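Pasting the structures in now, so scroll down.
Okay, so subunit A shows up in both of these, paired with subunit B first and subunit C after.
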Partner chain A sequence: MDDLRAFFDAYQTTIGFIGINAILALSVWVTLYTGQLTLGNAAFMGIAAYTSALLTLKAQVPFPLALLCGSLLAGAISVPLGATVFRLRGVYLAIATLAFGEVVRVVILATPITGRGQGLVGIPPKTELWHIFASLLVIAYVCARLRISSVGRAWAAIREDEVAAASQGIPVHRYKLAAFVIGALIAGWAGGIAAHFNFAIQPDEYGFARAVQILVFAIVGGVPNVLGPILGAALLTALPAALQPLQEFRDILQGAILVLVIVYLPRGLSTVFDLRRSARLRRVGAQDVA
Partner chain B sequence: MDQIYNAIFIGSIYALFALGFTLVFSVLDILNLAHPALFTLGAFTALFAMQQGVPAGLAVLVAFVVCGVAGVILDRVAFAPLRRRNAPPLSAMISSIGVSLILIRLIQLKYGPDLQAYPAGSLPADVFTVAGLQLDTLRTVIIALAVGLMAALTFLVRRTRLGRELRALAENPRAARLLGIDVDRAIAATFFLSAGLGGVAGALYGFATNSPFSQMGLNFELKAFAVMVVGGMGSIPGAVLGAYLLSFGEVASLTFLPSELRDAFAFGLLFVVLVVRPSGILGQRAVDRV
Partner chain C sequence: MLLETASLTKRFGGVVAVNGVDLAVPEGQVFGLIGPNGAGKTTLINLISGHFRADGGAIRFANADVTRLPPHRLAKRGIARTFQAIRLFKGLTVLENVLVGRYVRSRPDVLASLVPFRDGGAAERAMARALLQRFGLGGRERALAGELSYGDQRRLEIARALAAEPRLLILDEPAAGMNPTESAALRVMLRELAAEGLTIILIEHDVRLVMGASERVAVLNFGRKIAEGTPTEIQADPAVREAYLGTADDG
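For the complex of A and B:
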């Protein structure tokens, strides 16, 4: 028992980040499940991280309320953004959301109240591990329920064939926007939690690299189910910590895992016991990812 | 005047970088996110060659060939297996991220993460004056070389047999194969040219700053998105036009914006173009072709 305790204490930060990254992976899962490639979640995370951190730091707002404000602001910004960018598809959509993310980063860099390049330090460390995992549990449950609801079926229909979905009377644009906003709310929640777990935040944490990382978590784990993104985030967060002695070769291994998973397990790690279904899906020509 | 010269210089590098990026996108419809890593590889290949005593001009050629070969290998490892399976473009993006991680780490294993410098005296350092303008030989030669390469690539794609094959492949791979085009060879040529140009761009930019470092490609990646979208995705003249538009816009924006907001210009422009005219200035293809 003591050993377990010691292990827990030593890896507390890693364990916390596994949970946070899993929440982030779920935030991009919602849009991926709808077949839309968006890369704005790092920016939503950043918006909420700064909002909630400024609220607790400068205005002594209670922690839960600050989290909620951050998440809601990210959600509110995602509505007009989504309404604008969802006229685009595929790579164009990804680049547009990426551009939004860079604009957010530059604006944070240029605003005095955010501490610019130095970022914010001394954020009250209000996040406990159980906050992270309780949030993850609730969010994963909501996503899983959404997936099997009529909303989830509409999302899947849009992913498989947008025109066919529209002709079935599914309001495609509205469902895509809903997925985008839900993703932004989740990413915002994770951003607030992460800011109060880490004491300090910097604008560069929410740039292109983070956006890609979140996407990679979800894709490596697999988008067909809710467990995939959680698994992907857990594995890819724990791996660097476990490979501390091999630090120099860590990126090489991580890169190799990405390539191998995409080439040999196109529907993600979580489908490893489901290979026959994957093969069948391929035969009927279904989309690989998601 | 100095600023204009600077804008022409940086625009030429943007253009060389974006040309390779756009070539792969136009022929194969994939975003090769390992392109920045090849850019970095180019700068370091030149560094390695020059440390062995190879003159700068020849080192650029070495960078072209080495990066070109690396590009072909990249295709065999990360893209060819996905192509055989008809995987969606997203998969190719992810596997190229994997290769990029590996490549950057390999460079770091050899040279470390810090700024490097080319051997003293191996690059021309003299300055000359034309009509009252102070120009340095190095950057003038770089601009001339970059413009020459753009012209050569345009000629290759428009006027030669290989160019015709590439354009047929871009139009419809199946039909191209039926017409007797050696598709595998054409794809290998695409990757060789794209990666070679990326490598040359990296070597030239490395020369101009004389401080190559392992992450030097990152900023160019994001700018290249802006260049490609503004000019029209997959259009070669569009990429050149977009590159100079961006570099002049950035320089001009410095006169009325604080310098922290310089990057906001590129991404603001990118966002506006995507929303207003997603096909870009010279793009002809329908937007939802992904």
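For the complex of A and C:
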């Protein structure tokens, strides 16, 4: 029991970030499951992180309310953004959402109240581990239930063939936008939680590198189900810590593990028990994920 | 008339793909649409199903102007279709394809779906299975749509379209890739559906199928309607013979 306690104390930060990263991975899962490659979730995370941190730091707003405000603001911004960028597809959509991320970063750098390049420090450490994992549980549950509802079926249909989906009466644009906004709300929630877990935030945390990292969590874990992004985030967050003793060989081994997963489990880690379906999908030339 | 088009026109650059076409499709009939390759048949139905926007003219469906409506709104009003190059959701199962087809008839279940262990889809699945039985796909509901044979894919696409319980079903070359036995079975099926009150627009190169299944047939050539009538009238029409076989002078 004492060993367990010691383990938790030693790895509390890593364990917390596994949960936070899993929530972020789920935020991009929603759009990936709809077949849309968007990279704006790092920016939504940043918007909510700054919003909630400023509220608790400067206005003494209660923590849960600050979290909610951050998440809702990210969601509100995603509506007009999504309505505009979803005229684009594929790589162009990815680029447009990345550009939005840059805009957010520059706006943060140019606004005095955010502390500009130095960021915000002394954010009250309100986030506890159970906050993170309770959030993850609720969000994962909602995603899993949406996936098997008529909404999830519509998302899958859009991913498979937009023209045919529209012919079945599915308002394609609205469903894509809904996926985008849900993703932004989730990313925003994770941003607020992360800011109060870390005590300090900086604009660079929410840039290109973070956007790609979130995407990699989801892709490595696998998009066909909700477990995938969680697994991917857990593995890729724990691996660097676990491989610490290997020092400079760490990056090599980590890269090798990534390559092996992508080559042998192209639909992601979570599909390891479902290899027959993967083979069948390959045969019909259909991609279950983006 | 369930569907009427008035001087419907669509241009692609300098090409007038559909040129002032007037159609009147009565309810509960099979309406054949034939013409040589490139005559504008598929463009015409893409206009009717909302996938293309008309450059001129009007479309009326069930006594309402639907000229500028997008595909998903038309689907809601009761227009369902299949595609010449089959457009199934290949990576979804056969059953899932039909369930997506039920979209316009099923109630939104977002909040209900969040209730633990609740399964609100049982009735929908039963209906989808019945449809699959009818199209001879009963044993294949767990297969991926992309795994089916060509003929089965064509039938699944029709089943998916019918899942919406449409008023108008547009079939774009449904017999392409089917063998004569399958094509004959399709003809019987189309007659059954019409007898149940469904209106069908049938584009087809298989002349025996069109002539055997349709009450009325319209012929397109170079974007214009050159003839319309009963199958017997069409077969005797000199303009139709010319369009298909060329004039005697052409040698």
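Annotations for the structure displayed:
One rule holds in what follows: the second predicted complex is superposed on the first by the 288 of 290 C-alpha atoms of A that agree within 3 Å, B and C clash if a C-alpha of one lies under 4 Å from a C-alpha of the other, contacts with A are read in each partner's own complex, and residues count from 1 in each chain.
To be clear about the criterion, contacts are C-beta pairs under 8 Å (C-beta built on N, C-alpha and C of every residue); 3 or more make two chains touch, one makes a residue touch a chain.
If you're wondering where the values come from, they're calculated on a predicted model, not measured in any experiment.
When both complexes are superposed on subunit A, subunit B and subunit C end up sitting side by side without clashing. Once chain A of one complex is fitted onto chain A of the other, the partner contacts of A:Val263 are limited to subunit B, with no touch recorded for subunit C. In the superposition on chain A, A:Ala156 makes contact with subunit C only, not with subunit B. Of note, the Cα-centre angle with subunit A at its vertex and subunit B and subunit C at its ends comes out at 90 degrees, rounded to the nearest 10. Of the two partner chains placed around the shared chain by superposition, subunit B is the only one that A:Phe208 touches, whereas subunit C remains out of contact. Residue contacts after overlaying the shared chain place A:Val85 against subunit B, while subunit C stays out of touching range. The partner of subunit A that touches more of its residues, comparing subunit B with subunit C, is B. In the superposition on chain A, A:Leu37 makes contact with subunit B only, not with subunit C.
After superposing the two complexes on their shared chain, the closest approach between C-alpha atoms of subunit B and subunit C is 14 Å. Common to the subunit B-facing and subunit C-facing surfaces of subunit A are residues 285, 287-288. Per the touch definition, subunit C reaches subunit A in the complex via residues 49, 51, 70-72, 75-76, 80-81, 83, 87-92, 96, 99-101, 103-104, 106, 108-110, 112-114, 121, 144-147, 160, 164. Remark: subunit A residues 37, 84-85, 87-92, 95-96, 98-100, 102-103, 106-107, 109-110, 116, 208-209, 212, 215-216, 219-220, 248-252, 254-259, 262-263, 266, 282, 285, 287-289 touch subunit B in the complex. Against subunit C, in their complex, subunit A makes its touches with residues 141-142, 145-146, 148-151, 153-154, 156-157, 160-161, 163-172, 280-281, 283-288.
By the touch criterion stated above, subunit B contacts subunit A in their complex at residues 25, 31, 33, 77-78, 81-82, 85-91, 94-95, 97-102, 104-106, 109, 218, 221-222, 225-226, 229, 233, 258, 260-261, 263-264, 266-268, 270-271, 274-275, 278, 287-288, 290.
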